[in-house]
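Two complexes follow with chain A in common, the first pairing it with chain B and the second with chain C.
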Partner chain A sequence: MSQYAALLIALPLMGAFLIPILKKISRSAIMPFLAFVTLVQTGIAAWVFKEVYTTGKPIIIMAGGFRPPVGINLYIGHFASLFVFIVALVSFLMVIFSMKSIKVEPKDKYAMLFLLLMLGATGMIATGDIFNLFVFMEITAISAYALTAYNKSGEASDAAMKYIILGGIGSSFFLVGIALLYGSLGTLNLAQIGQLAQLMDPTVAQVALGLIVLGLAVEAEIFPLNAWAPDAYQAAPHPITTMFSAFVVKASLYAMARILYLTSAVSSWGNVLNLLIILGTLTVIIGELSALRQTNVKRMFAYSSIAQVGFIAVGFALGTQAGVNASVFHMVNHAIVKALMFLAVGYVALELGGVSLEDFRGLGKRMPLTAFAITVGAISIIGIPLFNVFWSKMQLVMAALEAGKTGVIALILGASLVEAVYYIRLIHTMWFEGEGEKIGEDTLLGTIMLLLVALVIIIGIYPDAVWQIVQKAGKDIFDVASYVKNVPLMGVSP
Partner chain B sequence: MISVYYFGAISLILIGLYAILTKRNILKMLVGLSIMETGVNLLLISVGYVRGKSAPILSEGVSANQAVDPIPQALVLTAIVIGVATTALALSVAINLYERYKTLDVEKIRGLRG
Partner chain C sequence: MVKRALAIITLLLIGFWLAKGLVGVPFGEDKMLVGEYYLENVKEQTGAVNAVTAVVVNYRGFDTLGEVTVLFIASTGVGALLWRRKKERSAKSEGSVVLTAGAKMLLPFIMLFGAYIFVHGHLTPGGGFPGGATVATAFLMLYLAFKEYEIDHKVFEPLEGLAGVGYVTVGLIGLAIGGYFLFDWIWQTWQFGHENIGRLFSAGFIPIIYTLIGIKVGTELTGIVDNMIKEEPKGGGQ
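What follows is the complex of A and B.
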């Protein structure tokens, strides 16, 4: 029964392959078909989520009936089921947005790439094999490159070229890391890597993990390799920007955390954590300071998104259960808030034709609902109580306190201060400056925005329910012993 | 004594990286990217080499214990295809860039500024 969860991978793939045939029959059916596929995917993901959280057991899918480590297995535990659900839900909401916002042809290619992007992110989160992880990462990356260049303007090509070159370097690094891991352990299965990790030569492990962190840092937007992100966010179609920020980044961060914690038995592990903490800190500082001087609002949100990624990376690098839990909580909250904000900004760009700070003057009078959505998102990101991000930042601070890293606390609080400056400037521009006529807002998009706003506020007032879920998901990453125990390895011992 | 295969593969990776970092022409950067990918593939293959063994195809006269490690070959087969797909996409983007800006010099292409 639980093997039906393999449809999470199979369904988007079949959908993507059916689109060229569908195009021959009827071009106008493509977008409704895309909505249908993502809706079914959301349904399956919700079922898997319910299944995993009620039984408390992860769903293990073995490809072709070969037991791991010979075959590839999917591991849909507490973390994966939660995030696969978020990926599917955000994709579904973005398909509805795409119906309004994607006017340029070819729509069939857009729909295919959209499904492949969703497939790649789902696969990265669900897989239990490191090479399979690489393949899914490349599926995500190549569809992301193509979607960044989708608008065919000079800017879009420029952004896509930067992304392709950085992504190419990153994937080469990652592959070298895999080669080193395979060369020293002789296995590609993540559970078996976890089992054998303490046998690894510390120097080789350090180099391999460093390369893997750097390789995943491209997709995860961590400092030295994130220069593509603001350009790509600015130039990509609006729904795609949301998908990048809401889950492509999260999938890579998760993969990084998963591999790091599985190899925590290696004696040089502390050095890798220190590397990640330095990179994460630099990501926060550079993201926030760059966001401060932006006049293009979409670009400002992109830098803000990068800074939030830095927080998540720092949380993972604390190396404690509390840090991992806080990071996972921040991932969930950030996915919701950034989906809301990029949706609203994309809608403004669609109606007013631009997203510079000038266009936002008097938005509170012209598009009150959208302005309200952006305001709630901005207040939440700053970390004001009664909104969801407050709780995850709070948890991050407490985890840092527990781990004795006072520098991290200073970083989080300082960065929140900078965030407050540029977001309150935006809120002020929207509500207290300029005049304008009221524009009739779209009811469907308005409903989605209100739904996300409601989610932000409900999690803000009652964080406990989500916190329970997140603690289980965090344990899934941190508790390596039970991860290894859950995968039925074929009687192979060290 | 470091094996010549490892040395060669890592030199190719470094040459590719050098080309990406120092060249200003986009096509030369893409050539660098391809060289880097080739280097990675060679490194993967040389990880699985066992001295004196033959290709892992079971046919008459070749038994299972005479084969080199077959797993890296499957990995490289996948990685080559991914590399070609990336290069094809990058080249089409390069064509588009040339049409818009009439140059392929990265320092003259100033579409986005932050």
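What follows is the complex of A and C.
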């Protein structure tokens, strides 16, 4: 029965391949079809989530019926089931937004690329094989390149060009890293890599892991390979920006954390963690300082998103259970908040035709609901109590304290201060400056925004339920021994 | 000058770092954990004589499905970025008689050879991707030799989709019959062609999937060429 979770991969693929045929029958049916596929995907993901959390056992999908490491397996454990659900849900909400916001042709190609972006992120999170991870990363990346340039403006082509070159270099790094791992261990299965990691030559392991971290850093938006991100966020269609920030980044961060923790038995492991902590810190500092200077609000949110990614990376690099839990919690919270904020800012761009700070003057009077949504999101990101991000930042601080890294605590608090400056400036511009006529806001998008706002506040007031889930998901990454034990490896050993 | 010198020094440092890592990798030695398993069991488990094919389609079929998807995205992406309401071929001059006559004569041979490659994937080197690329070469030749030539979009795009749908459907039938996605039901459940190893009608679903991949790759690469070779008509606009 549990093998049917393979539909999480098969369904979006089937949907994407059916669209060229559907186009010949009826062009107007494409967007509703897209909504239908993502809704079914959300349903399957919800079922998988319930299944994994009630039984407490991961679902192992063996493609082709061959046992790993001979065949490829998917490992849908606590982490994967949670994030696959988030990916599907955010995609479904963004399809609704796309119906309003995508006016540029050709919509059929947009729908195909949209589904495949969702598929790529789902696959990256679910897979249990390192080469398969690379394939899904390519699916995600290449659909992201095409979607970045989708608006066909000069700015969009520019951003996509930057992205495609950096992404290409990153993937080749990653592939060389995989080749080194395979060369020294003779297996591609993640569980078996975890099992055999201590046999690896420390120098080889260090080079391979360094290459893998750098390769994934492009998609994960970690300094110095994130220069594409602000441009791409600004130029991509609004629903796609939301998807980048809400889950494409998270999938790559997860992949990085998964590979790092599986090889934690390697003696040079500490060096790789130090590399990641340095890169993460620089990501936060540069992201926040750049956000401070922006006058384009979408770009400001993009830099803020990058800075949050830095927090998550630093949390993973602490090397403790508490740090991983805090990072996963921050991933969940950030996905919710940034989905809300990019949705709202995209809607503003749609109604007012621009997203410079000027356009936001008097937004509180013109589009009160949207302005309210942005305000809640901004307050939450700063880390004010009673909102969800407060709790994950709190956990990050506590994890850093426990690991004895006082520098990280200073970083988080300092960055929050900078965030407060630019977000409060935005809130002030929206509510206390400018005048304007009220614009009728879309009820459907308004409902989605209110739903996300409610989620932000509910998690802010009752964080315990989500914290329980997140702790299990964090254990899934940190506890390598039980990850290896859960995969039914067949007896091919050295 | 300084820039170039710095670049060279950085590259040398990276190269040194990589070389240091490579020294510790026992490439070429007997370190094949899964590799040996494939070689020992390939005939009995998949019926393919070509071990690479069996790994690509059977053992690691999930990756191949992903690769097919990557190509599909590339073709869709090019289509999305070069989309215009009206497009025309931009060829300036007609090819010479030798070129057009030669192209006409070569066409069936290239097509036939492409089809041969993907149908015999389980027996000879090659398979769906090289076979499909060969078929696409035939179309590229038509585009280059004839000024007016254009593929039939009504057939090509749905065919590309159908081939993909076919691949996923074969996988889903495996899920229904054998309990696993991409399970080789023809070989393992029906046991079709078990006495026939090494001949055409063997190897379970490999020839079927490779035919689908061949069609898909052929149509996709042709579609990319078609999109890139056309321009907006002069003075027409949208």
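Note that the second predicted complex is superposed on the first by the 491 of 494 C-alpha atoms of A that agree within 3 Å, B and C clash if a C-alpha of one lies under 4 Å from a C-alpha of the other, contacts with A are read in each partner's own complex, and residues count from 1 in each chain.
As a convention for this text, a contact is a pair of C-beta atoms (placed from the backbone, for glycine too) under 8 Å apart; a residue touches a chain by one contact, two chains touch by 3 or more.
Worth saying up front: this structure is predicted, and the values here are computed from it rather than measured.
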| item | value |
| --- | --- |
| Contacts of A:161 with chain B and chain C, given as first, second, both or neither | first |
| Which partner reaches more residues of chain A (counting touched residues only), chain B or chain C | C |
| Partner chain(s) touched by A:404 [first = chain B, second = chain C, both, neither] | neither |
| First (chain B), second (chain C), both or neither touched by A:172 | first |
| Touched partner set for A:440, first chain B, second chain C, both or neither | neither |
| Which superposed partner A:231 touches (first chain B, second chain C, both, neither) | first |
| Which of chain B and chain C A:3 touches, first, second, both or neither | second |
| Contacts of A:385 with chain B and chain C, given as first, second, both or neither | neither |
| Contacts of A:72 with chain B and chain C, given as first, second, both or neither | second |
| Touched partner set for A:353, first chain B, second chain C, both or neither | neither |
| Chain A residues contacted in one complex by chain B, in the other by chain C | 131, 135, 138, 142, 145-146, 149, 152, 176, 183, 188 |
| Residues of chain A that touch chain C when the two form their complex | 3-4, 6, 9-10, 13-14, 16-21, 23-24, 61-66, 69-72, 105-106, 109-110, 112-113, 116, 119, 123, 129, 131-132, 135-136, 138-139, 142-143, 145-146, 149-150, 152, 176, 180, 183-188, 192, 201, 203-204, 206-208, 492-494 |
| Contacting residues of chain B [partner chain A, same complex] | 13, 16-17, 20, 26, 29-30, 33, 36-37, 39-40, 43-44, 47, 71-72, 75, 78-79, 82, 85-86, 89-90, 93-94, 96-97, 100-101, 109, 111-112, 114 |
| Chain A to chain B touching residues, read off their complex | 131, 135, 138, 142, 145-146, 149, 152-155, 157-161, 164-165, 167-169, 171-172, 175-176, 178-179, 182-183, 188, 230-231, 234-235, 290, 294, 299 |
| Chain A contact footprint on chain C (complex, rising order) | 17-18, 20-27, 31-38, 45, 58-63, 65-67, 69-70, 72-74, 76-77, 79-81, 83, 85, 154, 157-158, 160-162, 164-165, 168-169, 171-172, 174-175, 178-184, 188 |
